[in-house]
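One chain, chain A, links the two complexes that follow: it is found with chain B in the first and with chain C in the second.
Right after this comes the complex of A and B.
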């Protein structure tokens, strides 16, 4: 662990208070947010209370540490332990013996108490800083389902998991990553459900990371994934505790990172990118239907513009006559070839989407008006773009947002462009070529040892009940088989409700 | 990195090497929906292409919809052979002629009588025309049929296609035609279209061509035509009958009763007995009564049974008429007898294959027709008749 630390101070605290203060002051040189508060315990022992401003609870510190210690009655206790036992009313207090420990505690917001003639100090668990409250995740909204989402603070996130899984089998393994940020990362898993080798692999990959800082879980994702050149996300990220918990219960590993509401889930497959937590909260028939809708729209978002381009420039005989004629009549004035038309419109759409995210809310409305009116209607009316093309682009745009995972949608949107160029040069042959390339790539992908296309390739019939359909809950008796050993059964069999079941 | 670059080069190469060679935008093709072929004189062939005018369809930019103008136009190419005619046709059209959507092929009467084999060879050898295109023979010239401006449908070929799809009379696709001609019977039947005289006050071109007769081909040459009534008889033999109204005059009850076909199924059963070639037409038909002009109360099962008997007789009468014309007069086997014999008696068939034309007229036909009247319609008694005039029993 310590190899990643830049400044290595294993030196123990001395019994000279001034010496200790001097060391700390020199480490924290030019750090105006560090506060040294000298005071005298019970009128006789010199002491220092050290903390970082804004990271600890000042009222609590005044009431439970400073005022009882400065009281006259404190004079009768001599040793630090006696003081702790009798005077200090803070529940969490930890001994510190080295200046490294001092720095660690100070940096997480614990105030530090150092005394004259003592070679140990105390760190109090009085950390408190401004944090966002638990809110509904904005990128993964549901109609039915819990409204809480992870926040930026790790403690809240672990508590959200622990509140859902009360069993002590939920293990959380901390580690800190980042030379300077020392970001706390927690690997959570279910003991007895997860394959232990998976945890080994995850920690091994995490320990390999040696960078200046982790600002978001995306950093970690990029440094531990299997194929860094693939456009497809090989690790699922989610803001929703219920998604994280269901993955834990299937034997996956959840990586929580301090400072971001996005938790990572590994391993993952292509099909879990197409599943929403809501599939399981709705009736299973509806869940199945919506899942199929997504499958269809995945293909549409990947292929529709390319198919339109290919068919309208190479395979006129494929289109029903009447449709061909209306396509021809709307293209009559269009100056560009269909490929160029499609590329221009798709790029414009992507720009609009990107601008929509970045724009300040006040100008957002203006952009959507410009986008819808100028680019849509005006372009058609001016005869620069044909009306069917606008429809194709609009449907494709909608299709890519039917995917519950934004990252997967982006991957498909990006792959659309090369296929479009292939369609414009080689026709349907090119579309098939592109599709075959993508499928081959997907077949070769793995996420922590799990084939990306499983359970379709390799075929696992038992696991398909949660991929092709959303089987009713009372049929989902077995967990998906990821790798190695797995805890097969997740529930008791024969739970189909029936009036005759009552006893 | 080097590998990635190599992959990129490999991927980009096919695009530059072969890409786009047959790329053509929709607005650079002339979509031919109907094709007419005529024999102009002994040497010259006329190829008529009926094409859509995309501008006239409205929609798209400008917003200047087509309005009243015609939506199709025709161009005629001439030449000694079909290939010549095509090049001549392309000279007159600024866009590339595209045959892939040709769904109607009209053959002029004169060409049909001269022989259509070469035409069919062109249509099947060329990559674009469809085997599912409907084939017609025009009374007169094919180019006149395609030059019409039908008031209801968008183009004359669309009219013909819809009419053929209804299957009131023959419906023959290019593929059917090829099968018929390559069969041992060497006979084919193609629907024949006439131009309907335009309504009073309409422009001379504002009319349609409609299917009225059937052209009979021996080998690839047209030998004659039969009327719509006889065509329906042919359809009975070929088990293709879909729509038919039959009117009968029952012995009792003064007046006529008309019925319409719900379902019909017919079957040809061949038999060779002592050198005599026989065929039995077994047909089962279910009908609805649509008009009751008699005073019979059709709620009485006795009358229904009587009507069924009369219906059977009427159908048989029609079929005999058909047979008279097709088998005895024209002597062309468009009824499908040869295939039935071939299937059941392959050995005997091999012997007579060469002179089937001589045997065919002598084949004896017997009938086994079953007609059922399923529903007498919405009224029970004859409408508009006082009760005492209705014949109850």
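Right after this comes the complex of A and C.
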């Protein structure tokens, strides 16, 4: 299909201006946003300026193209090149020779200049459209760290990366995906750090994509991941340039997509989903402690309701007596078995969370008030839910929000439900079995050839210093090993600061 | 080769370690106390000799046929037809051993925690989990052991550390009151566990770092020895003369722990170790069984066998014994004999034949 389109429009421009205009008009039939501006250069040569409204800088175009060319003095230059050299004050001008090129330049916002008796035209780099300015990313906030985030426009995003990595080793490989949207996608990587086979694999998978349009990087993620049925994200998405840059410097590939602030990072592991950029910006002891807090809360968010259900239904002997008594007395009123209670509460909580995201902000307050009633004291007083269950659900909810990546948190939240049902039927055995099945799945999962649980399984002791703990920066001398060949050392050894050093 | 995955020697060690230790720490203290009494902590040391010996024999066989598992080289050593026949007996024994391990797991869980759950559910669910792991391949199995075994070891260490204040050293004296014989008698049953090291014969061809294989295997025997020694010692020092009255002394020991009225009832930790460990154990048994059967039948893939063997293992787990006392009896009486026959006697004979054949071939080649 793509190929056919290309063949139809691969015709070169003719030297007849009217013919060219006719071709363009027929291609852009019924496109009211395309503007054809006829004018005469220096009073003798007929010419057309063509642009798409709203995609280019009109003031600049008037000042540097239209007014110098319409000036009387332009008459003394005959050829297009002379005009360009002497009259047109635009720094970026490209020759176009075919109507395909014309379409490409028009669609990215470059105004096009076509002249009578010339079979070439000029496209000027005067694209300008309304875009959001660089703002703080809302989904990944930090207390300490850069406050800039990617935006919807690709050019801004690449410049954000380039401003952080000034080395020419940062390579950016463009590609356009989508039959109709022709979305520009850039694969960025560090030459000499990344394993070249990884880049080949990424481009191979990207080239396989043939869909109508790419609206968000999620489309790409879904079409290039390793296991499409897994609930776990196998590609990290981030809004933060500093996260993208640190991944680049570890030898990963960053995929930037035009039209979305979310960049994709591949390969990724489960543990990188549990890390925040801020771990590295604060003192390493605190970073380590917070990592361990997250590990604990991952387990809590996955298992706590199931454990509560299993213990309170089947394994009373495991609870200390006084706790058991208070649990039993609060459960006395409740008409449902614990597993039903847990499911009802967890589903309500998920509904509240979803409603809180989608609703307009003005209604949000109402939802949170009602929500506090539903999963709160009112539910307990009505005798429908026991008080410990409210606490369990609340702790679980908080736990799943401690994960810095929303997508990872939502995967764990979804997996909670089957385990709850297992806990309600088989007790702790069911919980263990559910856990075993999840770990089997995680062990079998790979992201671009990298085992999802590495460096814990398979064990790579050298890489654990950045997973089990956040080792101080002067100890992180080696990069994590992803696949194949890699550039092992990222910094000079023996950088531990010490008053006696450096006399 | 059917299996394309490669594992490291460390992963092999973890697989074997979990296989032995997960069930041994529960049952070995009780059995050894029955024969060795106060010298029960010595028994794992004597028993480990058979572990070292098995590793040595398997390593020698593997040196002669580096890229093959037992089922394959047995046909080179004994000839095609006798090789297939002996191979079949091995497969049948693997099936029996896997089923018995499942049954032990089921009996323990049903007896200690899930009194009203049908044993079929307990057995079939774990067998299903191991089936999924095996279907995903050897590498995934090895990664699973990477995830579970360190946790198991940590939990075990935690329990032993928490027991320390309760221990009484006087319980182990006098050492060797009746000479060395009781402790050697007690070693017979642990020795059967050590012979499980034989399964490295299936894993050796898939090692990345084969040169390390022998070293790591020997090291693992030592690790198992230390684990069992400490477990036996801890239960003995805690319970003294009444050790024998518990079916699962180490679990009873864990039940004994209580700190601050909160940190108690740690038998659930034992259950977690037991389920996780048995999962790894069944994963390895299942894998060895399925892979070797595929090799015995000259199949190009073992995955079609995985589900049928799930059912077979579950059934054998149910059929293997009518009840727990029968199972315990057969494990302590015939178990050591069978496993020593299959894992030591036959391999030694195989090794001798292989070495003799090589000599004869060399002699025939010389003149």
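Descriptive notes on the structure:
By our rule, the second predicted complex is superposed on the first by the 493 of 503 C-alpha atoms of A that agree within 3 Å, B and C clash if a C-alpha of one lies under 4 Å from a C-alpha of the other, contacts with A are read in each partner's own complex, and residues count from 1 in each chain.
By our rule, a residue touches a chain if its C-beta (ideal position, glycine included) is under 8 Å from a C-beta of that chain, and two chains touch if they have at least 3 such contacts.
Quick caveat, the model's predicted, so the values are computed rather than measured.
Contacts of A:329 after superposition: chain B is touched, whereas chain C is not reached. Touch criterion met: A:382 reaches chain B, while chain C stays clear of it. Look at A:395: by the touch rule set out above, it reaches neither chain B nor chain C.
After overlaying the two complexes on the shared chain, residue contacts for A:426 are found with chain B and with chain C alike.
With both structures placed on the common chain, the touch criterion links A:317 to chain B and to chain C. When both complexes are overlaid on chain A, the residue A:21 reaches neither chain B nor chain C. Contacts of A:40 after superposition: neither chain B nor chain C is touched.
Note on chain A: of its two partners chain C and chain B, the one contacting more of its residues is B. In the superposed pair of complexes, A:337 makes contact with chain B only, with no contact to chain C. Common to the chain B and chain C interfaces on chain A are residues 314, 317, 426-427. The touching residues of chain A, counted against chain B in their complex, run 229, 312-314, 316-317, 321, 324-334, 337-338, 380-383, 386-387, 421-422, 424-427. Across the complex, chain A is touched by residues 4, 14-15, 18-20, 22-27, 29, 31, 33, 52, 54-63, 98, 100-101, 103, 128, 130 of chain B. For chain A in complex with chain C, the residues that touch the partner chain are 314-315, 317-320, 322, 426-429, 432-433, 436-437, 439-440, 443-444, 451, 453, 456-459. For chain C in complex with chain A, the residues that touch the partner chain are 8, 10-11, 109, 113-114, 117, 121-122, 125-126, 129, 132-133, 136-137, 139-140, 142-144, 146-148, 261-262, 264-265, 267-268, 271-272, 275-276, 279.
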